[in-house]
Amino acid sequence: MSLDFQPNRNSRWQEKTYHIIFEADTFGGKLFDVVLLIAIFLSVMVVILESVKDLSTSYGQLFKQLEWAFTILFTTEYLLRIVIVNKPLRYIKSFFGIIDLISILPSIVGFFFVGAQSFMIIRAFRLLRIFRIFKLTKYLGEASQLSKALIASRNKITIFIGTVVIIVTILGALMYIIEPDESGFNNIPKGIYWAVVTLTTVGYGDIAPITPLGQIIASFIMILGYGIIAVPTGIVTSEMTKQSSSQKEDTVKDKCPSCNCPKAENEAHYCYKCGFNFKEKM
Amino acid sequence: MSLDFQPNRNSRWQEKTYHIIFEADTFGGKLFDVVLLIAIFLSVMVVILESVKDLSTSYGQLFKQLEWAFTILFTTEYLLRIVIVNKPLRYIKSFFGIIDLISILPSIVGFFFVGAQSFMIIRAFRLLRIFRIFKLTKYLGEASQLSKALIASRNKITIFIGTVVIIVTILGALMYIIEPDESGFNNIPKGIYWAVVTLTTVGYGDIAPITPLGQIIASFIMILGYGIIAVPTGIVTSEMTKQSSSQKEDTVKDKCPSCNCPKAENEAHYCYKCGFNFKEKM
Amino acid sequence: MSLDFQPNRNSRWQEKTYHIIFEADTFGGKLFDVVLLIAIFLSVMVVILESVKDLSTSYGQLFKQLEWAFTILFTTEYLLRIVIVNKPLRYIKSFFGIIDLISILPSIVGFFFVGAQSFMIIRAFRLLRIFRIFKLTKYLGEASQLSKALIASRNKITIFIGTVVIIVTILGALMYIIEPDESGFNNIPKGIYWAVVTLTTVGYGDIAPITPLGQIIASFIMILGYGIIAVPTGIVTSEMTKQSSSQKEDTVKDKCPSCNCPKAENEAHYCYKCGFNFKEKM
Amino acid sequence: MSLDFQPNRNSRWQEKTYHIIFEADTFGGKLFDVVLLIAIFLSVMVVILESVKDLSTSYGQLFKQLEWAFTILFTTEYLLRIVIVNKPLRYIKSFFGIIDLISILPSIVGFFFVGAQSFMIIRAFRLLRIFRIFKLTKYLGEASQLSKALIASRNKITIFIGTVVIIVTILGALMYIIEPDESGFNNIPKGIYWAVVTLTTVGYGDIAPITPLGQIIASFIMILGYGIIAVPTGIVTSEMTKQSSSQKEDTVKDKCPSCNCPKAENEAHYCYKCGFNFKEKM
């Protein structure tokens, strides 16, 4: 996140503002983040509620005003961030820099095109900042463990999804050939859509086989899906089990008093790196 | 649960009643708990059956009478509990104290407001007492292992649910923008509701995308949901595996008094490293 | 299964027939089992196909005849089993004895009551005999490992299902109170049925919330169900992981040449049971 | 895959073409594979899009031409493969040989029979070649680990699916007996189809119980399915966990030449048991 940024040190106010806006260690910084999060949450709520027809008829004016207030607030914040950071371009190109920009664009675009306001929902991404407030706590460690498990199983997941895509394509075409148009299998894309809906066990029922043969094949697909759903779970779980056990290993070991690397086991006699004899000198 | 309470020792009958009502070790205590559980179960059944129109038309009078009988029974039990416990306030504020109170309130409130009776279903929570009867058996150990695994993975689950909430908000708004009103995506809350229904693989089908673009995005969401469902399973499973293996390590293995390495089993006769004879010298 | 039975040794033909009917080691025994399984499979197919109106209109007569043929065949087999086994009562009371009896009853009862034929589907249970043919192979070991894992996690599963039942009761009543009759929540049992359909992520959509509040609560239930589905998986997986690792331990160990119990580790110096010194005498 | 083939060494051009078509190590070979994959992908897209009525009306002519172009391309490629390989029959009978042939047949058959074109979707299987391009990377290792885990748990999965098939047959017949025809349970096959849809948590809702008794039984089936879904996950996960841990054990740990205990890491300088200096004496 923005931890790698440095304040622009040209003037004192920039440095001070930097600590408030970019960091969450001081009281001011934490307060700013909490207030900002509440503002983001409220602005997301306004976008959501405005989409409800009854409410937008009654309170349309209020929603418009609130939207502009939030847009002005977020624009100010965005410009301030650019001014006070030492490398403005790097901030602009960072993940949160882009999100921050996208969050304020729809209001301005919506000035010219009706409907653009709905895109303001993109602000919800800014809520991810919530994890920053807790950055010094254990939360980030947990998150990184989760994402490490996902990254480590990246290849397996890619192969798995590739195979699933090929399977649903073939099954979708097969059902299109078997089923009549009345059951909703009007073309192969619909068939593929149905195969995804079925294999993932979502099962809307908007498209469902009606011929006996179609239902037999569908039954096979479902039981297949039963086994397939086990695969990503197996991948992630075995990765997490491995990680949590390797983490355990990290914490257990004593350190060598000479070269400070962990002992092979706590009962080791010699350091496996520097040959230091634990028994003798202690 | 109520294991930490002490009887009010002012008079003998209070102490005696305490052992019957609050504990399940004696025959009387077990009998009381079983009878109470049956009463709770029956009173829950009455509430459930009364909601069925056919039955409430035919047996409405009977249900009313039974309801009052159970309410009087539970009120008596509640008052008795307050009288015989040494710290009545602590009981009143405890989890079961609150449930016990809530269980008798709706009948009384229902005297003034029609419909309040349905809230009596809250009595079902009292069925949780069933685990108390078996409190001396292994059941509680299992339950605590389950909840320990859930508590240990609390942080990961919080981050996970937070991320899911942000994802469904964005996806719900996206589908609202893409899909026409006819498909049921009338506003963003409906879209979010649909995203939750889809991502959790429930898939009612009351709202379903009808445009090709909407169906393509929905397919991506489902395959995404496929992977996402693996995460909580991975978290809980790896936690339970860790627990059951650490439990194994905790319970096993005394040390050899001679060479200080763990015994092969606690019932071992000789140390497998130095041949020390445990039986002889201890 | 029927492995524990002994032939009735009164006459030679009984003993011979016993080996054919009850065992699957000899060529004759294997052939009998295969033929029997095919007959069971065909008789199940007849019951299934007879329920299809078009087919029962056209081939009703044929189905009736086949049914009687199979019933006579299975009755003969059942009586034969009783005659040739040494403890007929024990066979009659065994799992397969009861299934075998139930399999032939519906035909006879169906002679007097129309519709009883459908109960003949119970014959499908007899297909479980398929595992017996492979009884000398690894299949049974796998099955027992599966059932061991399920039995070992019995308590956890009981607590889990108990908790789920209480949760769906409360949620079902809650939705009955919130939702109007039009959405299908006509009474609490319907609500409970809906809660089960939702929590298990089946999601038929025959009953679905239509009020905003109902949909918000339903969303919470689904995300809850997301986490809950992780629990049984976690239980079974951690149990199976434990079992497969303990199985590994079983196979790895060398044995002590003196008392024949497994060594604590392969590098152990002394037997932990009898104190035998491996290094010295080998 | 086709790694085991050897070029037909009769003439130089055959050997050269072999390296381009069958291998992916050289620049030419990689380029060929990438171009082929794009062609396969495009031809699959053409089949999919042609099934959409609107598009086939407007661009029908174009699709037909593209189809023929791809068919000629793939036929040429197929013949070329036969000519340049040393054992043409072995290639023809290999998995990809059959797929390659099936991929070009429907176009030719479709010349005589309308509708055969849809079978061209079988070309999607050719996309599996994508894994070949990365054959020297870690992808294949991951894939083989996945399939190893699936193969290792083959027996357990067979027993599991066998049991599930018997369960859904019995449940389907039971629901057919209980439910009236209006709810869609017209015959036992429909009942079995419904049982599969329910047990796998797909839940279309095209067939759903409407009687109280049917709904109670359906609820039990769903909760049962809840537990059952845990079984394949448990099987695959425990297998993958075992594999990844055995892999770890396989790759790690040389032995110390002095005391014969495993090194702490392969890059260790000293034995942690006896202090032997690996670097010095080797």
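Letters A, B, C and D mark the chains in the order given here, with residues in each chain numbered from 1 onward.
Just so it is clear, a residue touches a chain if its C-beta (ideal position, glycine included) is under 8 Å from a C-beta of that chain, and two chains touch if they have at least 3 such contacts.
For each chain, UniProt lists the protein as follows: A, B, C, D = Ion transporter.
As the structure is a prediction and not an experimental result, all values here were calculated from the model.
Trainee: Please report the smallest number of touch steps linking subunit A (Ion transporter) to subunit D (Ion transporter).
Mentor: Minimum number of steps from subunit A (Ion transporter) to subunit D (Ion transporter): 1.
Trainee: Pick the pair with more C-beta contacts: A-B or B-C?
Mentor: Pair with the higher count of C-beta contacts: B-C.
Trainee: So the centre of each chain is just the mean of its C-alpha atoms; given that, what is the distance between subunit B (Ion transporter) and subunit C (Ion transporter) in Å?
Mentor: 28
Trainee: Quick one: subunit B (Ion transporter) and subunit D (Ion transporter), Cα centre-to-centre, how many Å?
Mentor: Averaging C-alpha atoms per chain gives centres 40 Å apart.
Trainee: Residues touching two or more other chains, restricted to subunit D (Ion transporter): which are they?
Mentor: 189, 192, 201-205, 229, 233, 235, 237, 239, 241
Trainee: Give the list of subunit D (Ion transporter) residues in touch with subunit C (Ion transporter) in this complex.
Mentor: Result: residues 155-156, 158-160, 162, 166, 169-170, 173-174, 176-177, 186-189, 192, 198, 201-205, 208, 212, 215-216, 218-219, 222-223, 225-227, 229-231, 233-235, 237-239, 241-242 of subunit D (Ion transporter) touch subunit C (Ion transporter).
Trainee: Taking the complex as given, what residues does subunit C (Ion transporter) use to touch subunit A (Ion transporter)?
Mentor: 201-205, 233, 237, 241
Trainee: Can you list the subunit D (Ion transporter) residues touching subunit A (Ion transporter) in their complex?
Mentor: 44, 47-48, 51-53, 115, 118-119, 121-122, 124-125, 127-128, 130-131, 138-139, 142-143, 145-146, 149, 157, 161, 164, 189-190, 192-193, 196-197, 200-206, 229, 232-233, 235-237, 239-241, 243-245, 248, 263-265, 268-275, 277
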